[in-house]
Amino acid sequence: MKQFRNKTEGLFNFQDLKSPGVRIAYACMFIFLLLLSAICLFPIIWVFLSAFKTPEEMYKIPPDILPKAFDLDRVKTLMGRVNFVKYFTNTLIVIVGCWAFDIVFNGLAGYVLSRIKPKGSALLETVIFWSMLLPGISMAPLYMTFIDMPIIHINLRGSYLPLWLMAGCNAFNILLFRNFFNGIPMDYIDAARIDGCSNLNVFFKIIMPLSKPILVVVSIFSIIGSWSNFMWPYLILGSTPKEPISVLLYQITNGAGLKLMDNEVMMVTMLAIIPPLLIYALLSRHITGGLNMSGLKG
Amino acid sequence: MAKASLKNKKNINIKSFIKKNISGWTLILPTVLMFVLIVWRPIVIAFGYSFFKLKGFEPVEFVGTKNFVDVLTDTNFLKTLWNTVQYVFWSLIIGFPLPFIVAVMINEMIKTKGFFKVVTYLPVIIPGIANYLIWKFIYADGAGGLLNMFRYFIGIAPMDWLSNTQLAIPLIIIAMTWQGFGATVVIFLASLQGVDQSLYEAARLDGAGVFMRIKTVMLPHMYGILALSIIRQIIGVFQVTEQPLVMTGGGPNGATLSIGLTNYLYAFKYGQFDKSMALGVVTFLLLIGLTFVYFRMDKKIND
Amino acid sequence: MMKMKSMLCSVLAASMLLGIAGCGTKKDDGKIKVEIGNWAAETADPAVIEKLDKEVAEFEKLHPDIEIKGNAFGYDTKTFNVMASSGQLPETLDTFFTEMDQIIKSGYAADVTDALKENGLFDQLNPDVLEIASDKNGRVFGFPKEAYAIGLVINKKLFKEAGLVEANGTPKIPQTYAELAEYSKIIKEKTGKAGFVLPTTENGGGWVFMNIAWSKGVEFEEQQSDGSWKAVFDTPQFKEAIQYVKDMKWKYDALPDNKVINIEEQRKIFGIGQAAMTLASPDIVNTLVSKYGMNKDDVYFARVPGDSAGRYAQMGGGITIFSAANTDKQHDAAIKWLMFKGRTPVIDKDTEAMLRSNFETTISDGGVVFPKEFFTVWLSEERNKKYEEIAAEYANVDMANYEDYAGFKDVTLRPEESACCQQLYAVLDGVIQAVITDKDANIDSLTKTAVNDFQKNHLDKMN
């Protein structure tokens, strides 16, 4: 109860909380959030439980919540059948490439639009802003572009480049960068310019180091986005040696190639979500905290 | 002296003009090229090619509006359009208010704010495809599904979930919401923290209740971000493809077939890229209206 | 600051290189390079891979101008068009008769008529089978591998548990679809397992349903005098056949809980003993035994049951197609490889050694070898006799379990419908899904919609 006295921010403060009605409402909110948290956690826990069940246990009536045994040998056997190292390496290459393209090209674009503003950039800015809300127009023409690149006529299917190129033109991130750079005092840049720095140098030496908050935000968006991306990796890398883990997950459910039982599918799913869970466990405060930073408010 | 300095200044001006424009455009050129290649050119291609019969990706014959007629007169077109509208409807009912309500609630918490934020964001980091797989198992028919397990423990017979034509779309939307709402919560929270506390104080002194404060202080502050996210959500959900592809394959009997999935199947299952592009153009024209609405609204807010 | 920059730059440069590396140029040494699909996956048994490598070396010694490379890609309706449209199909790919119509129309399979003729295969292959792989002008777009007909697969163990056994120990075989339904009900009551598994999605439902429908006298399509096609299945017979599927779900409770079942899922459910019967061809036995751990002696094959119009079994088969993106020389080289692997009209010493080696691999993989081919794609009696002689030495199944199937007594073997066959299956999938998910589904209106959909969306738009 004491802590309520410190509540000075938000919709209602300590004074409101004196009324019993508001207190009940506040308690209800808390309980609602607890339930919601349970709903967020439970499916993930359930994957771990199901992964260790035998096929018979999975269809048993009456059902059991816990598996009979957490048999780690089964994990080993499965890892022998599915080359996780390969899939995770592929995933990592996709993520790192997309991240680099995202930061560099969208960052540069944001910088040019915010700070250099060459002739005609206002129009470009409008067009880019429009692109953000433009609905996609069938995947066919873009797919066609990738399998026969204009002018150079190279088939990029089976290469990571299409995914990276797609990350390199993210209108939303360009606007995030632009908004952030708008807030950097001009003095810094002018000083550097007088020192004879080229625009590229200004970007890397002055702007980037000052932009940690927005870099964190965009990096999180980028990494989660490409980690989660399925459709294009599937179309571009599916059935090639470069399949990332998300494509593997789809392939095992529709019975192409590997033939797995339902419990094994759950185990693959479990192994696929362990790395992001671990990373999140380590960095969750930074991630959710970082997303609070300016740049999102616009 | 004066003349010389003027000349000097002019030189600097030309130099800086060049520096500004040439180097500016050079720096942004790769990004612009990517936009051309990946965003703008495909739109032009889709509009152009949809009037041709394609063999693979080679236009072989100009067929006028035949592809459009084929796509629009397909007896399933209206059904899929209606399904798609249902996806959007349910996402507005379930997916839109939830993150807002949760963000407002979390923002009111004192010590547990961080915890709730971390937990609600957790599903976001699970790869989308894993999410849909998990939810497919949760919704599984018979005793194997998690929901049916719950029904078993409270003593009622198992029922159909995704195989139920009435329930399938809302259930897919629930799975999508589970995955995505945490990301929106964080954005809304950032916006909520920007609310000027003194406005709440003033409203409180004026005797405004909680709902009045939401109406007069919070909503006006968040109007922009709410409008943006609602439009993006409608546009996004209207193109829903991979969720029904993974969870139901469009069934039962086409009950979860969306326009996006139809488009995908035209292109990548049946290899009818011409029809796919025609349907893409139709969707594009339907949705571009929404983009206009947004810009009208955006302008109004900014003015 | 510099660190950040150099880091980003090097990541970018490295990633560019990696990306481009994927499409590196191929060096040309004058050899005909052939990529063979359906190769052993890298996770396969190392012994199998080693054996394949040895075979490749041997083949390349015989044909120094050819270079063989393996590709684990296997035919899959979901990825075929993605791979094909990007020109990345391996040179050869094993697919099924039922897909040929669409593949030929799409233009992704090469015309190999001449290559088959030059290698002396064309005249030796069964013309009925070749027709399935041919277009209107008689050009052939694939090399038939095997043929089969649908039968009724029975899980002997579940039948025993349910007490459905004859005095001599064989399972009680349902002779009609009515009996099949009845037995299913008994099995469900006695064992708790589904009596029958019917695929419902990805065109599998339609494909299997044809057998039921034909035996009830359903005709699906008819060519008109002007060459166009008409959907003619708005008939009482069709409604009866659909009613049968509906009853299997709601009256006899014969089907599994899971309602979204593709062909692979069908095999899985049957293979892990969750269902007692299904309609399939003997080519599934390998999958059931080696992938899903079913005991091969529990698999029993019977003739398809009959109904008012008789017993009808759908013909199917496997066929190898060749990528149209490649040259005639490559097709020729690929055919030479397939012949090297034992697909020849005459079994000479080399072929015999290869066949023996193939059988050994199958057995070491945990698969099954039949002492005979139920159907053969080859005309030569001599070849077929010789094949059976060799196969008999390796056979590891009890043919008593296939006796009823192999005779095809009173069974009419039917090829697939001619026009828009896959689309018909897709439409039928929808009807099947509707009646097994909705107890109150209205069969009259479903039939009407299905006929209308099939006519308007597919038959009317054939060209």
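Which chain is which? They are A, B and C, in the order written, and residues in each are numbered from 1.
Throughout what follows, a residue touches a chain if its C-beta (ideal position, glycine included) is under 8 Å from a C-beta of that chain, and two chains touch if they have at least 3 such contacts.
Remember, it's a predicted structure, so these values are computed and weren't measured experimentally.
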| item | value |
| --- | --- |
| Third chains touching both chain C and chain A | B |
| Which of B-C and A-B has more C-beta pairs touching across its chains | A-B |
| Geometric centre distance via CA averages, chain C-chain B, whole Å | 39 |
| Centre-to-centre distance between chain B and chain A (centres being mean Cα positions), rounded to whole Å | 14 |
| Of all residues in chain A, the ones touching two or more other chains | 59, 61, 143, 147, 235 |
| Residues of chain B engaged with two or more neighbouring chains | 57, 142-144, 267-268, 273 |
| Residue numbers of chain C (touch at least two other chains) | 78, 82, 85 |
| Of chain C, residues touching chain A in the complex | 1-2, 4-5, 8, 11-12, 15-16, 18-23, 41-43, 72-74, 76, 78-79, 82-83, 85-88, 192, 262, 264-265, 268, 272, 274, 287, 291-292 |
| Complex contact set, residues of chain B against chain C | 55-57, 70, 73-76, 140-144, 158, 160, 162-165, 248-249, 251-254, 267-271, 273 |
| Touch list for chain C against partner chain B, complex | 77-78, 81-82, 84-85, 102, 106-107, 200-202, 256-260, 429-431, 433-434, 437-438, 449, 452-453, 456-457, 461 |
| Of chain A, residues touching chain B in the complex | 3-4, 6-13, 15-16, 22, 26, 29-30, 32-33, 36-37, 39-41, 43-44, 46-47, 50, 58-63, 65, 105-106, 108-109, 111-113, 116-119, 121, 124, 128, 130-131, 133-145, 147-148, 150, 165-166, 168-169, 171, 174, 198-200, 203, 224, 227-231, 235, 245-247, 249-250, 253, 262, 265-266, 269, 272-273, 276-277, 279-280, 284-285, 287-288, 291-293, 296-297 |
| Chain A partner contacts - residues on chain B that touch it in the complex | 19-25, 27-28, 30-32, 34-35, 37-43, 45-46, 49, 57, 102, 104-112, 114-130, 133-138, 142-144, 146, 149, 152, 178, 182-183, 186-187, 189-191, 193-194, 197, 200, 204, 210, 213-214, 218, 225, 231-232, 235, 238-239, 241-242, 246, 263-264, 267-268, 273, 276-277, 279-281, 283-284, 287-288, 290-291, 294-295 |
